[in-house]
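What follows is chain A paired twice: with chain B in the first complex and chain C in the second.
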Partner chain A sequence: MNDFINMFFNIELITKVLPDLVGVGLMNTLILAVSATAIALAFGIVIAMALISRHRWLNWPARIYVDLLRGLPVILTIFLIGQGLPYMGVQPFGPSAYPYGIISLGLIGAAYMAEIFRSGIQSIHHGQLEAARALGMPYTTSMAMIVVPQGIRNVFPALTNQFIGIVKDTSLVYVLGLAVGERELYRIGQDMSQRVGNLSPLVAAGIVYLIITVPLTYYVNWLDNRLRTGRVPVIVEEPATKAIASEGAKA
Partner chain B sequence: MQRSKYVAIAFTAVAALTLSACSSAAPETSASNSATADYELAKAGTLQLLVNSDAAPFASVNDDGEFEGFDVQMLTEITDRLGLQLDIKTQEFDTILPSVAVGQADAAASSIADTDERRETVSFSLPTYTGVMSITVPTESKIEDAKDLDGKRVGVKSASRNAEYAEQYFTDSEIIYFPAEAPMFNALEGGTIDAGFFDGQAADKYVQQYEVKVAFSAVNDDNRGAAIVLRPESDKLRADINKTLREMLADGTYEEIFTKWVTTEDVQPQLDFLSGYYEKFPKDSYPND
Partner chain C sequence: MTTTTTFGVRVEGLHKSFGQNEVLKGIDLKIEPGEVVCIIGPSGSGKSTLLRSMNLLEVPTSGSIYIGDREITAGGADINELRSHVGMVFQSFNLFPHMTVERNITVSLERVKGLSSAKAKDVAAARLSEVGLSSKASSRPFNLSGGQQQRVAIARALAMEPGIMLFDEVTSALDPELVKGVLNIMIDLAKRGMTMVVVTHEMGFARQVADRVVFMDRGVIVEQGPPDELFISPRSERLRSFLSEVL
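What follows is the complex of A and B.
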């Protein structure tokens, strides 16, 4: 039991690795995850529109895109894009691994988010579109102003799930090679872990991941709930009732 | 197959019982049994070995699905001489040391460097190998010595001896960390790093196959070489393995195994390093112990 505690919860090692985790790793993980999510959201909605389109030249490529990028292991896609582009001489962002990692994660995320958006949009009753059209709105405007906003609201928690997935997948960008200051949470934990042959630094990294993901989940659930029900109306007690109640209490 | 193994085990057990119960040869038999029992192996009589099979020529899986390589044959020879069975599993390097430390396996070998930090959790045998480290660059590169690396992106494998060396000596370079040698080599070919700091072995392998060259090599003077990783409390096993290593170096078995597997390197520097080290530490205590 002591061995177990020492191997996974060695306080000395955890406190040693924590400053790097919080000071360097947390920021880098968030930079990777947030940028990738931005790409995924923007590109995902475009793919989603193509997925529900009736034009086969929009629909089919989108279908193939989603099938491919959802079907491949994340680490493999990162490898193919991150090593493949520079290999072909395409190096628009210089040698750093970050832009390639962000693009890879963003494109993978887009495939998942496209499906989430699609399901959200299709969950909106077609009467909404018909009503908008009947009022004289063009198709694109009715989609953009009426259907899509309602669809997105429905899939808000699913999108958060996807963001959490991306946060965790940032650990895989490491296969492209990172400088000391570029290392994300998992890497920092693993580096020390490999050096000392003890798993506590990885446990410390895990704790920092949880600090990001768990509060986010609860915040989004709360937000989702509020978007559904609207603000809780403030119940104004009528002075008369109050007076009677307090009278009753006295009596 | 499986059944016959059980039968054999059962037979051995019965034979051992009978022997120890009624024969005058009993003391000797039990003595040799207890000798292997003292190793406190996870599975009695079998040394469970972990290797990282991405470490040719030290350990890899051949086309027939069998483990082979320098470390694999060294351990095969050692366990033969100690009268142990050898059971090999492959694992990512990340989890190899922790697995040995908690006793999921008895030993590990894949050219794993003996360092002070690692000795906090595991113990090491005497060294079996010391490597040169080679700065590898594209053939057309102008990098020739350590000074040329200033301001350049130099790839290393995380937590390796090379990484430690690079952190210490290439202070003006930007050091880029990779999880393994293959992606680091891809990055070198793709041009996202200017030089890769490989083990001499790996560098030779790449030079033979691709448009790269070794700009210069380095040896870390205070290195203790690579050794067999053992559980911290396995003193008896460590002592016996060390004894066997000394024997193998003396009777030429080491040289035979080394030249068979490590075809790109001269054996003499290894023999010099090992005999020097073994003489310097005649007991089973090593520097900084």
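What follows is the complex of A and C.
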């Protein structure tokens, strides 16, 4: 039992790894996750619009993109993109692996987000688009002002879930090789664990992940519940008294 | 409620098919500016499809439609510009639930007519007051009754200053006690000279307000004329049996 506690919950080692975990690891994990999510959201909505498009030259490539990136293991895609781009000489961010990690996670996330956006947009009653079009709004304006905002609201919990997934997936970026100051939570825990032959630093990293992900999960559940039960409409009909209405009544 | 220009409508040889299903089988219809035409007929006869063709929510398979003197079915017609002059009100209201009542009205004024936010709000306030809902400007649609929502939908369409209004069974989704408030607004609109095409099951309304009643069945216009003629002495057997069912 003592061995168990020592292997996983050695307070001394945990205290030792904590400054790096919070100062370097947490920061990098959040930078990776938030930047990748920003890419995933922006690109995801574009792919979603292509997915629902009736033009096959928009529709098919989007479909293939989504199927591919959702079908492959994350680590494989990170390797392919993160090593492939620099290998092909596409190195707009220099040789550091970090930006390619962000791009990989962002592109993978975009495939999942696109499907979420698509289902959200398609859950909006067709009458909304028709009403907007009937008022003379062009298709893109109607989508941007009327349909997409409602669709996003319906899938906001699912999008938040996806963010949680991206936070966890940042732990795979280390395969691209990170400089000391670029290491995220997992890599920092793993490095020290290997150095000292004890898993407590990794457990400490795990706890930091949980502090981010568990509250978010509960937030998602709460949101989901609120969306599902909806607000109770207060229905009060008052007699139409003003101008036209009263004139009309006399007719 | 000022109507700037009212438009007539001319429908010529209109056919519309959904796949193999031919829903409109050659419709000819001429509506004068300021005329109120009610379209009646059994379910599935193509009333909504005809109405929705008039602002190209349905694209005709063949035939032509003129709004005013412009052929909207001609290639290259500016559909959005056209629609901004053709008001439409739906059975299911279709208010934008993520926007306040006021914003429901101002969004198209700003985005389509290019009005400033302040000017759009003025127009919205004026239209809401005409339908007796000034106090609801900052409410959300789901906090309104069906009758109130439909009055907002009418105000929203009228705010664009259309030259013609299309109504598709706008009272069918309402509780009976809320129908009158909506019909009264439509009656007033008719008196002010708006061109109106009204698909309705409200025979009382058709009788009282329509200049002309058009009876459709199975994709064709079977009979049309002034309401008194049509309701009191229907010529066709189909209209007789339809009226005996609905009256």
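Just so it is clear, the second predicted complex is superposed on the first by the 216 of 251 C-alpha atoms of A that agree within 3 Å, B and C clash if a C-alpha of one lies under 4 Å from a C-alpha of the other, contacts with A are read in each partner's own complex, and residues count from 1 in each chain.
Here is the rule we use: contacts are C-beta pairs under 8 Å (C-beta built on N, C-alpha and C of every residue); 3 or more make two chains touch, one makes a residue touch a chain.
Everything numeric here is computed off the predicted structure, so don't read it as measured data.
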Q: Give one of first, second, both or neither to describe whether A:M113 is in contact with chain B, with chain C, with both, or with none.
A: neither
Q. Given the touch rule stated above, what does A:M7 touch, chain B (first), chain C (second), both, or neither?
A. first
Q: Could you look at A:M137 and tell me whether it touches chain B, chain C, both or neither (first, second, both, neither)?
A: second
Q) Looking at the overlay, does A:Q150 come into contact with chain B only (first), chain C only (second), both, or neither? A) second
(Q) With both complexes superposed on chain A, which partner does A:P86 reach: first (chain B), second (chain C), both or neither? (A) first
Q: Applying the touch criterion given at the start, work out whether A:G127 contacts chain B, chain C, both or neither, answering first, second, both or neither.
A: second
(Q) From the superposed pair, tell me which chain A residues show up as contacts to chain B and also as contacts to chain C. (A) none
Q) Quick one: in the complex, what on chain C touches chain A? A) 1, 55, 57, 80-88, 90, 92, 94-98, 107-108, 111-112, 129-132, 134, 142-145, 147-148, 151, 153, 156-157, 160, 177-178, 180-181, 183-189, 191, 208
**Q.** Footprint of chain A on chain B - complex, ascending
**A.** 93-94, 97-98, 101-103, 115, 117-118, 120-122, 153, 155, 158-159, 174-179, 183-184, 186-187, 189-193
Q) So in the complex, which bits of chain A are touching chain C? A) 125, 127-128, 130-138, 141, 145-146, 149-150, 153, 231, 233-245, 247-249, 251
Q. Of all residues in chain A, which touch chain B in the complex?
A. 3-4, 7, 79, 83, 86-87, 89, 91, 95-97, 174-180, 183, 187, 190-191, 193-199
